[in-house]
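Read through the structures below before going on.
Next, two complexes with subunit A in common: one pairs it with subunit B, the other with subunit C.
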Partner chain A sequence: MSLEAIAAIIAGGLVSGSLYALMASGLSLVWGTVRMLNLAHGALVMVGAYSAWYFSNRGGLAKALQPIGKSIVENAEGSGALGGLLLPLGEWILSIRGGFGLVIGVPFAVLCCGLVGYIMYVLLVKPFVGKPGADLVVIITTLAGASFMQNGVQVIFGPRYKQLDRILKGPPLQVLETAIGLQEVLIIIMTPVALLLLHFFLKYSKHGLAIRAVAQNDDFAHLVGINVSQIYPLTFVVSSILAGLCGVMLGGLFFILPTMGAQELLFAFVVVVFGGLGSLPGTIIGAYVIGFIRETSAYVFSLYWAPVVLFATLILVLIFRPRGLMGGEES
Partner chain B sequence: MLFQVEGLVSGYGKIDVVRSLSLHVDEGEHVGLFGPNGHGKTTLLRTVSGLIRAKAGKISFRGEDISNFDARAIVERGLIHVPQGNQLFPQMTVQENLTLGAYVRRTDSRKASNFEKVFALFPRLEERRSQQARTLSGGERQMLSIGVGLMGMPELLILDEPSVGLAPLIKEELARAIAEIASTGVTMIVVDQDVELLLGICERLYLIEKGAVSLETADVSQIDQAEILEMYFGKVS
Partner chain C sequence: MRLLKKLHEHRIALAIIGIVVFLAIPFVVTNKLLIHLGILGMLYAIVASNWDLTLGYAGVFNFAHLAFFGIGAYTSGILAVKLGVSPWLGIPCGGLSAALASIIVSIPAIRLRGIYVALLTFACSQLVLLLLLSQPLITGGQQGLTGVPQLQIGDFRFRESSYAHFYLVGFLLLCSTIFLRRLVTSDFGLSLIALRDFEEYAVARGIPLARQRLLAFLLSSIFPGLAGAVYAHFLIVASPDIFGFSLVTLLLSMLLVGGVATIYGPVIVGVLMTYVSELMASSAWMSDVFGISRGPVRFMFVAVLIVLTMRFFPQGVWGLIKQFSARLRASRGAATDQPQIS
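Here is the complex of A and B:
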């Protein structure tokens, strides 16, 4: 294997590992705390990408606002004081014809995903919490939710692929004779930052501590006065934000389409099981390990064999460590 | 009267474990509950702290009917239940467990001094404050459990079987600590199999059998220890 190939595998592994880590950590968080599998998690990645596109791109919200801006400007002249007030607003709307840009788009996408995650919890999960067989029911309801979101997005935005603007423009970086795109570099750097923020949230904030407390012992969590029924939706919101971030990054690499996120969800499940269900450090380490295995097998065999190698590794690991890489003992 | 239970019925599913139980605790009093296993002591406590629903009867705290309140609402009123079997957050440090003990807003302003109080009572917890709870010994876990309860600034502290499964020496240490908490004037209900431990702490005892109070002692200093053991085990001939 040449040095160039090794560098390409490392870069590719870091990128896929980052995307899996963002996605799987949310999945793992919900599993650990609410004890449910969220099959709409992949659709949230898609929602993140679409909302980032809608708020940033010239074809999204900015375009939808143009007729309003035009009519404000046209009607402003004849309508006195009120028109004078509205005129700058109309002119401003017309001036943003090129889109709001990603600086606005990404935060709005994150907000949007948090909101969708909350709505999803209220509609698809909350009615079943505490009922017998809830974990199975929720698999079905979230699957239904995913289907609803995918088709809803197709109806609203049409089947044509979208593309996010690049955040960093410029020639790719040359590392060890391999070209790494700036978008990839951004993903490699921003993911650990996001995961570090997640760590600080879970370790030092009151609500983060409460999420971990409910995950570890919900009975005792009740007894120290944690409102467990509020912690569940909070966990969904945090997890959805992580999925949204993953979507924003994915949208910068590939085309955005309604079915995106589905394959990532599958890999995220592999990562979560591989790393140990409910263990966040295990999930993150697992994500990068799986990322590297995928890239290596794609290089050595071919891209089509990568999933086969992945699942074979997973089965092998589970034979020797049934609870995954860092899954704790039965509690 | 600080705390009163009247005709309480509760249990799991269709099975009633607590069957019309009544008891009361006055301000500043330390009351012991004892009795055989499986007769409803823990179920009573779980109902009081809002973990399971009362089917009938009334639980009142400071004159307010708190039966079937949220567990959180009950903790906020200062009724703190330290559950049986050293329940903790196992993958969190001692410090984090104690921090969560002070989760309710009522305790915010006194957090630092509460930490000091707990560490003064259990110096071993301070030594191990950055250690994960699951790595502690059985005795230390029980100390931490009680410490978490104290962080919630109890007005009524309920300890469920604090001495269960502990070696005699550690049991003594724990009994001393509980007596010390009692001496600060906190009202307490202590449930334990070990009547001698209860006698060292409590002024009054209830014997609970078949989900109800079957005997209530007057002030324990007035009666003979042998008499109490007799209540428990029956007459020794």
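Here is the complex of A and C:
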């Protein structure tokens, strides 16, 4: 293997590892705390990408607002004091014809994902919490939720591909004889930052501590006065925000389409099983390991065979270490 | 009660009437689309009811059943297209390869429990899909395997008649349903239910857990494999769409809405649901109302139906029918009893 190939594998492994880490940590958080497997997590990634596109791109919200702006400007002239007040608003709306940009788009996408995550919890998970066999029922309901969101997005936005603007524009960086796009560099840097923020949230904030307490022992968390029924939706919201961030990053790399989260969800499954369901450090290490395995097998065999190698790995891990490499024994 | 007893007494006559009515359908219903959907619905009903054996009776959360269906379709398709094997030999081969695949899947699956089984079977079915996509020269890749020959006996081509496929698939569904019903009421079926409801006790009473679950996988994979093979020859294509999220969700809804652990429920709802979802996709008013392509809307409808079923009547349609008839019986019994008491 040449130096160039090794550098390319490392760069590719870091990028896919980062994306898997963002996605799988949300999956693992929900599994560890609520003890449910959220099959709609991939659809949340897709929702994140679409909402970022809608709020930032010129073809999204900005385009939808244009007729309103136009009618305000037309009606404002000659309608007195109120018109004078509304006129600047109308002119402002007309001035954003080019879209709001990612500065607005990304925070709104994150908000949107959090909201969708909360709604999903209320409709698909909450009615079944505490009932026998709930974990399996929730797999079914979230699968239905994923199908609903995928097809709903197709109804709203149509089947045509969309693409997010790139956050950084410019020529790719040359590192060790391989070229890395700026978007990729951004993903490699931003993911550890986001995961560190998650770490601080879980370690030092009141709500984060409550999430970890519920994950460790929900009965005792109840006894010390933590409102477990509030922690569950909070966990879903945090996990959805992570999925949304992943979607924003994916949307900058590839085309956005309604089925985009499905493949990533499968890789995230491989990661969480590999690292141990419910163990965050295991999940993050697992994500990067799986990222490197994927890139290496794509180089050694072919792009087609890389997922085959990954799923074979998953099945082997499930046979020999079903709790994952860093997962504890089931209590 | 008396009505049921009477029905039971005349069950052979009823079965004959049922078969005659079924045989008459293609001659009474002249709409080609309705017959086509009936065939499709019966094929899906076979998969859903067999899925019920592992998911409903054995309580194993298995996601690989559509993979067995797909393996059956691709086996028979590849044999016919690439090797020129007769479809009549290819269809049993489809069942056989599905059975083989079920053994491979169940060996790791019986060691795991709960959510891990779901993950593993899900991964297995995706693995099959990826393997199929990675060999485009043999399987046709993303476009699917085209040019699968249609079924024919001598010069009689099945696709040219309106009834041949209908009868064949109906016969397959009948065999599958009788097979499954006999299975779940046998000692084997009871042992599966015992393992599902109280695993420790059942194992302590000497039921071999691993063997029964492996058998459940194996026995429930044969008919989906056969159905898959017929499906490929019926549509003259084997497509990777079989493994997609949408079809899994649709079949899951047949099983859940029909009623888990009933066999009859998924069979009936499987056929009905195919009509509902396909007619939704092709009816004109849907596009007039929503002004959009209709394909996605029906899957949204199916998704909502699944969640509502799980939430409000987890026992499914068949469970509701049973409950209703039990209540009816109780109230009628009370009504006839009353004069005697007074």
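The rule is short, and it goes like this: the second predicted complex is superposed on the first by the 322 of 331 C-alpha atoms of A that agree within 3 Å, B and C clash if a C-alpha of one lies under 4 Å from a C-alpha of the other, contacts with A are read in each partner's own complex, and residues count from 1 in each chain.
Assume a residue touches a chain if its C-beta (ideal position, glycine included) is under 8 Å from a C-beta of that chain, and two chains touch if they have at least 3 such contacts.
It should be emphasised that the depicted structure is a prediction, and the values quoted were computed from it without experimental measurement.
S.K.: Looking at A:Val193 after the superposition, I want to know if it touches subunit B, subunit C, both of them or none. Which is it: first, second, both, neither?
M.R.: In the superposition, A:Val193 contacts neither subunit B nor subunit C.
S.K.: Is A:Ala312 in contact with subunit B, with subunit C, with both, or with neither (first, second, both, neither)?
M.R.: Once the two structures are laid over each other on A, A:Ala312 reaches subunit C alone.
S.K.: Looking at A:Gly145, would you say it contacts subunit B, subunit C, both, or neither? Reply first, second, both or neither.
M.R.: A:Gly145 sits against subunit C, while subunit B stays out of touch.
S.K.: By residue count, which of the two partners contacts subunit A more extensively, subunit B or subunit C?
M.R.: Result: the larger residue contact count on subunit A belongs to C.
S.K.: Using the touch definition from the top, say if A:Phe269 reaches subunit B (first), subunit C (second), both or neither.
M.R.: In the superposition, A:Phe269 touches subunit C alone.
S.K.: Now for A:Pro127: first (subunit B), second (subunit C), both, or neither, which partner does it touch?
M.R.: A:Pro127: touches subunit C, not subunit B.
S.K.: Counting only touches as set out at the top, which of subunit B and subunit C does A:Val103 meet: first, second, both, neither?
M.R.: In the superposition, A:Val103 contacts neither subunit B nor subunit C.
S.K.: Based on the superposed arrangement, let me know which partner A:Asn217 touches: subunit B (first), subunit C (second), both, or neither?
M.R.: After superposition on chain A, A:Asn217 lies in contact with subunit B alone.
S.K.: Name, in rising order, each residue of subunit A that touches subunit C in their complex.
M.R.: On the subunit A side, the touching residues are 37, 123-124, 127-128, 135-137, 139-141, 143-148, 150-152, 154-155, 159, 259, 262, 266, 269-270, 273, 277, 302, 304-305, 307-308, 311-312, 314-315, 318-319, 322.
S.K.: Contact residues on subunit A for subunit B in the complex?
M.R.: Residue positions touching the partner: 206, 209-210, 212-213, 216-217, 219-227, 328, 331.
S.K.: Taking the touch rule as given, give the residues of subunit B at its contact with subunit A in the complex, in rising order.
M.R.: 49-51, 70-72, 75-76, 80-83, 87-92, 96, 99-101, 103-104, 148, 152
S.K.: What residues of subunit C sit close enough to touch subunit A in their complex?
M.R.: Against subunit A, the touching part of subunit C is residues 61, 108, 111-112, 114-116, 118-120, 122-124, 126-127, 130-131, 133-134, 245-246, 248-249, 252-253, 256, 290, 292-293, 295-297, 299-300, 302-304, 306-307, 310-311, 314.
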